[in-house]
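Shown below is the structure under consideration.
In this document, chain identifiers A, B, C and D correspond to the written order of the chains, with residue numbering beginning at 1 in each.
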Amino acid sequence: MNAVIDIAALLVMPFLLGGIMNRVKAVAAGRRGPPLFQPFHDFLKLLRKGEVVSRTTTLVFKLAPCLSLAAVVAAALFVPLSRGRAFLEFDGDFILFAYFLGLGKFLGLAAALDTGSSFEGMGASRDASFGVLVEPALFLLLGTLAFVTGRGSFADLFRLADGHGTLSLIVLPLAGLALFLLILVEGGRGPVDDPATHLELTMIHEATALDNSGPDLAFIQLARGLKTALYASLIANLVLPFCPGSVLPVVVWLAAPVLVAACAGVIESVLARTRLTHVPQLIFVMTALALIALGSAVFLAGAGAGGAP
Amino acid sequence: MTVFLAGCAAVAGGALLALAAPAKLRGVVYSIGGGAGLGLCAAAAIPVLLSCEPATFTAALPFPFGPVGLALDPLAAFFVLILSLSNFTAGLYSIGYVQTYPAAKSRLYYPALGVLFLAMLLLVAVRQAVAFLFLWEIMSLSSFALVAFEHEKEETRKAAIYYLVAMQAGFAFLLTGFVVLTHAAGGVDFSAFPAVLSGGGPLAAGLFLILFVGFAAKAGFVPFHTWLPRAHPAAPAPVSAVMSGVMIKTGIYGLLRLIQFMGNPPLWLSCFILILSLLSGILGVVYAVAQHDLKKLLAYHSIENIGIIGLGIGVGMIGLSLGLPAMAFLGFFGGLLHVLNHSLFKGLLFMGAGSVYLQTHTRNMEKLGGLAKAMPKTAALFLIGSLAISGLPLLNGFVSEFAIYLGLLRGLPGAGAGRAVALVLSLAGLALIGVLALLCFVKAFGATFLGLPREQGRGAARDGEPFGLIAQLVTAALIVVIGLLPRLTLPLMTGLVSGFAGAAGDSPVPALDGIFSSLSKGFLVFAAAGGALLGLRALLLRKRTVTETKTWDCGCQRRSGRLQYTAGSFSWIVRGFFAPLLGFRTRVKTEAGPAGLPPPVIEAATEGSDAVERLALKPFVKAVRTFLKFFSWVQSGNTQQYILYGIVFLTAIIILIFGLGG
Amino acid sequence: MLILFFIAPAALCLVCLAFRRRVVNRIALLGFALAYAAGAVLVLIGPAFFLLPEELRRYFDFDSLGKLFLLTLAAVNLGVSGYSLFYLANVNLSREKDTLYTISMLLFLVSMTGGILSSHLGLLWVFVEATTLTGGMLISVERGKQALEAVWKYIFICSIGVALSFIGVIVLSLGSKSIGSLFFADLYAGAGAINPFLLKLAFAFILVGFGTKMGLAPVHAWLPDTHSEAPSPVSALLSGALLNVAGVGLVRFHPIMTGAGLEPFAGTLLLVMGFLSLLVSAAYILSSENYKRMLAYSSIENMGIVAIGLGLGGPGLFAALLHMVVHSFAKSGLFLTTGNIHRLAGSKQISDAGALLNRDRKTAWLWILGFVAIAGLPPFGAFFSKYFLVGAMVSRGLAWLAVPLFLLLAIVAFGMGKSVFGMAWGRYRPRGERDFVPEGAAPAAAGRRLSVWAYLPPAFFLVLLLGLGLFIPDFVTRLITDARNAFVAVGR
Amino acid sequence: MTDILAVILGTTMLYVYATSRIEGYLKILALQGALLFALVLFDFASRSVFETVFLGAEALGVKAIAIPAILFNLVRKNEVRREIEPSLPQFFSLILSSLVFAFGFIISFWARRLAAGLAPLAFGVSISIIVSGLLLVMSRKKIVTHIIGYIFVENGIFLLSLSVASEMPFIVNLGVLLDAFTAVYLFVVFSNRIQRAYDEDRINALQNLKD
């Protein structure tokens, strides 16, 4: 039953979250905005189209969108979903999760360079460079959780409720905030990136897909949406352990991403896009948050307040 | 043991016959020897790895050596396996590579290569200090000869000399360390050393550090790495592959032996190794990101990977120090497996870079591009290597890094403040290394093989001759096999790693076995999803039109390779993050222009300089030079002055005698 | 034996003087070298045959040390004599000069043999003085301004140095009145009775005097000039044999100090001189522009190593003796090779002698391998002397000395390696298919062929070094160990 | 008597520093040879006949007659007359040599307690002669003067060996003779050749070999 919910949610969420963000932005701007499932319609439309392929490109360009999406799909195996369990759990599975996403990223960037376009090169450079800041922060965060829980698998890392009283009160919000930032960065949302712009010199994510069209573009967009959904599921899992019963967790798990998307939409409408040169500072906040989490966890564990032996 | 010695003999025989063979057949002859050597060595090594029963042999040599014990224990067998494999692929790849040089020049290439491998094969088997040092120097010397192969180039000459001096400096530490060790142990045989080193105390720690410096200089740990980015680019590609793939690992081998001698290292020492490795890994990859030279980039990645290996060993040592066998097992497992993995993918990458160099005559990525169309096979193989070195799943690099991550995680439960911070930071550090490597290889692969040629005429390349491709293919196949089915490594390595970690308590092997099969499940899902999506794509496009045209490029339609994003600009943002480390400088060449106007720039280039070199090595060398210059008045040519030296010296002694005699 | 080593060469000199024919000279030179080598081997394997009165025999001692260096000298001489064939054929000396060269060579050999075998301090001193004179004659065979200056410096500085060591002998005899003899055996036996104050004084003088001949800093200054200006075979002899003679003198004198309990004093002085030598050669080898001078500085460095080994005593003595032998071979080979290089390049400047590998492969390889041997890399013998030297340091509790030692050795190796490989390697310009002509090489030089005698002797030394590096033959070990033990035992 | 002769020998060195004429140096050489001969004769008792004859012959024949004669010849032929510009002014070198002489006395005074059978005054003077000889080498510029300085050192050493009354073996005496040969060899062969090669008789000419 849960598996069905999980799979269904993972199929719907990627489109829904994007739709919610756009809707919130439109409302904040005083417009009615597109339907919630507009991204899904776009997706279907793109699937039906033909493609325009540059003569410069090689096989890499053709394979990358499919394989990137496949990598995200594979990564989804390890993410704790409703009821806090993942499809596949083992010690260190979160490493495979992160590295599958890395594989997808490698292929996407290579495909961007394959076109020989300087704009795509620029986008790829930015994407890769900001990723450099994201990854250590993520591992710092997960490492802290691993220290606090003393466990090794992704799903277990988020079982903070099990007797980590004070500790989880401090670590949880920090972790949530850091993950939220992660969604903004990886999802290409403001104030890090501006999905609406078409000023080439300021784009990050959009620029890497400038030359993609048809099904390829559809896969790329789906991959990005799925990634956002996975991260959102992580945020939901931070609070899941505090929800008793069997129905409540599922409801919370379904509601949390919607809330996250709404928040992202609000932020994007409220905050201006950061200058490109300042983006690294913004991303580095993630690392700072993770470090604070680590510091407090270590301190509290040492002071005997936490549950860690 | 006889089989192993026969394998060594096969390697040596191939090299010797290559000396006698006609120029065209030299490489083939060598490779046949190498293949026989691989078969024999594998036949000798694999049983040892499976059974953990060391094979021994004692050679009674005359005086300076004395009786020399040879033993093929699991550690030695593991290295023998890697070495003989590398020897075979390097020989195979050399066939085409060396043939591009004049026959007279290549005559000594194969013998030198053979001596290098023979020295290394014996080095890991030998159990006696004198012979160990002797073989160590033979190894340095033969590799030096190979580095200097293209001695007609100024750059190569400089690099070779630099390499020689660096090796001698490192050797000085080894020599001193081993002499002190043998003095303390009362014998030159390795069996006497544990008694000295396992005792703890300042002597053991001091000796460990001295010897570690010697080994680190060979392995390329920061700050002893500066020779690496010089020597590797200067050497011919197969030699770079050998040096980077296996030769620097003899330093790791030495470190592992030291740990074996020591048994239970003190915690501070383990942490020292961990921190230094982390530093090597991060600095190595940061410098690699800043490189435009394809082979230099790979050389810096060797430093990075040595850091990763060291990280694994450090984790293992911490596990030993703390009495956590599972952590120790995973750490050593990851470190050792990465030794094998790195030898494979780095070999593959250097061979690919060599093919690119042979075809385009440049290693500068800013001049390359679009080679994937001209050399599709090489490009595909290079891509596999790039993915593997970035530690991405499905390939072998991931498996070993994953094991190190697991080792780090195993240390976390119940950790105190210091350990927790150290391990979590290492976790993040390893992630940083991984993501930087990813960026770096997107850059390297993209700038070299993708897009358009950046310079006219460089695009006219071919895939090269079949032997080289076979060598690369064999390597790539192993990379994929280990990557997809990591469980296969367990039976080979369990005994070896348990030897280090100690098999007390519950063995982590079954758990690891389960994890590895889960990994393979994940890979299967990826493959299924990828296949399905590709099929879907093909299905969708079957009835649609696929138009081939120019790159859209936001409408900027001037198609020119020179307008592409360069490797330098690709890494520009990240270079900014690490600017203080890199010491990046723009070198501008100008010429005299019209008066009153700024002189026109005719050439501009950016270059980075190594922080270790800039902050430590150069000032040191400068200080030494200044100190030596202080004596420049000595040889003035004046006879009277010469006589005066003697008189003054004599007078000083006499005064001293009077002073002492009272 | 003594007749073979002393009387026969004198007789040969007379023969040469009588004939003044090139053929006779060659036969004398080569024949004697072979006879000498045979004699040395005979001395090694059997008892030395004496046909001389006991009174005279006492002055010569065929002990292990003597045998060891007799063999070394014989080998060096064999190589040098062989190379002389090539050298003399090339320089075209007048018949008188040719004869002078032969005679000086023979006499030089006699004086060195005497120095090695003397069992009497005074006689040792006389022979050392004689080497100055005969060596000077040999250096100045090829007249030229620079050679003249070199000889002047050699003779003048060495003479003063040797004169100083004579003062040492006198002071020693003053202090050892009760012994009343200058035979080493007597001095060892009565070392404890010698006035320690005068003994120290005597040692200081003798050290400075013999140190001058041996090329130890700070009294080394003549060495680079002389070694660089002498003809190549003579340089080989000077560096490969002469330095040893003074070294043997110090080795023989040292046990007196040990016996008198003054080893710390003597050892410290030797260590100071040794390290000063290393320092000087490190300072100059880096900027050396003349390849023969570079080799000369390397000789200073190696003598420094020997002095350090002597100064350490005990196991250090073993290292020192081994290093002396190894250095003899390596440096002789290198100096002989410079003769080839000079012939090819027509200049002693490093900058003029590039791209050797492309000009003359064999010479280039001799040059490179010679460097490998002298730098203490395996598979050549110097590797082990270095190893034992560090062992001696450690066993003396002076392991920290390895730090300056290796630092200076690294500088020397770098300075020398840079030049050696700079000369061997070089650019080639393809002319037609697979045909290189070195850039900057005179066309004539490229085509020049050297005779087999130009390659054989250096190769001979390399083979010897290889033998000492792969396995030190039993008899050599025994000789060195015996010599060491003899002197260490005396010291107890 | 030994003491008186020794003091006279020392005094001759003062003259060396007082004059700048090469021929003056040579006369002193001859005088020193004669004095050494006298010393050998007066010490007759402590030596064997053979040794006395040998030493006497060396002092008289070589040191007093042969060397000065050869040098006279050479100096005349080359027209080397005087040491023109010493590195150390004449006056200072005189003072210096007086100090060295005084130092020799101090040594003799000290050497009295040193060992039995030592002629202290001769010992001290010989040291002062050796030092003066070296000083001459260091402070003068003509090659000829250098050789003469070297011979003074040799004379000092000769006196030193005489002052140590112990029996110096025959061998050692042979060596002293050899030293004398060296001096002659240096002189005759080299100063001639150097003169011809360099057109100069000063040591500054011999400074080409250096680093």
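Just so we're on the same page, a contact is a pair of C-beta atoms (placed from the backbone, for glycine too) under 8 Å apart; a residue touches a chain by one contact, two chains touch by 3 or more.
For clarity, every value in this text was computed on a predicted model and none was experimentally measured.
A.B. asks: Just to be sure I understand: the centre of a chain is the mean of its C-alpha atoms, right? Then which chain's centre is nearest the mean of all of them?
C.D. replies: Answer by centroid distance: B.
A.B. asks: Going by the touch criterion at the top, tell me which pair is linked by more C-beta contacts: B-D or C-D.
C.D. replies: It is C-D, judged by the count of C-beta pairs in contact.
A.B. asks: Please tell me the distance, in whole Å, between the geometric centres of chain B and chain D computed from their C-alpha atoms.
C.D. replies: Using C-alpha averages as centres, the distance is 69 Å.
A.B. asks: List the centre-to-centre spacing of chain C and chain D in whole Å, with centres computed as mean CA coordinates.
C.D. replies: Inter-chain centre distance comes to 32 Å.
A.B. asks: With chain centres defined as C-alpha means, what is the inter-centre distance between chain A and chain C in Å?
C.D. replies: Chain A and chain C have C-alpha centres separated by 77 Å.
A.B. asks: Indicate the whole-number Å distance between the mean C-alpha point of chain B and the mean C-alpha point of chain C.
C.D. replies: Between these chains, centre-to-centre, one finds 43 Å.
A.B. asks: Among the residues of chain C, which ones contact at least 2 other chains?
C.D. replies: Correct list: 152-153, 156, 160, 224-225, 284.
A.B. asks: Indicate the residues of chain D shared as contacts by at least two other chains.
C.D. replies: 134, 137, 146, 206, 208-211
A.B. asks: Specify, in ascending order, the residues of chain B that touch 2 or more different other chains.
C.D. replies: 632, 635, 637, 639, 643
A.B. asks: Select the category (line, ring, star, complete, other) that matches the graph of chains linked by touching.
C.D. replies: other
A.B. asks: Sort out for me which residues of chain D touch chain C in the complex.
C.D. replies: Residues 114-118, 130, 134, 137, 143, 146, 150, 153-154, 157, 160-161, 164, 166-169, 171-172, 174-176, 178-179, 181-183, 185-186, 189-190, 193-194, 197-198, 206, 208-211 of chain D touch chain C in their complex.
A.B. asks: Under the definition above, what is the set of chain A residues touching chain B in their complex?
C.D. replies: Touch list, chain A to chain B: 47-58, 60, 63, 65-67, 69-71, 73-74, 77-78, 88, 90-93, 95-96, 98-100, 102-103, 105-106, 109-110, 113-122, 124-126, 128-140, 142-144, 146-147, 150-152, 200, 210-211, 214-216, 219, 280, 290, 294, 297-299, 301-302, 308-309.
A.B. asks: Spell out the residues on chain D that touch chain B in their complex, using ranges where they run on.
C.D. replies: Per the stated touch rule, the residues are 87, 134, 137-138, 146, 203, 206-211.
A.B. asks: Considering the complex alone, what residue numbers of chain B touch chain A?
C.D. replies: Residues of chain B touching chain A: 369-370, 372-373, 376, 379, 383, 387, 390-394, 398, 402, 405-406, 408-410, 412-417, 420-421, 423-425, 427-432, 434-436, 438-439, 441-443, 445-447, 449-452, 511, 514-515, 518-519, 521-523, 525-527, 529-530, 532-534, 536-537, 540-541, 544-554, 556, 559, 561, 563-565, 569-574, 577.
A.B. asks: If we count contacts the way the header does, which residues on chain B are in touch with chain C in the complex?
C.D. replies: Touch residues, chain B against chain C: 61-65, 102-104, 130, 133-134, 137-138, 140-141, 148, 151-154, 157, 160-161, 164-165, 168-169, 172, 175-176, 179-180, 182-183, 624-625, 628-629, 631-632, 634-635, 637, 639, 641-643, 645-646, 648-650, 653-654, 657, 660-661.
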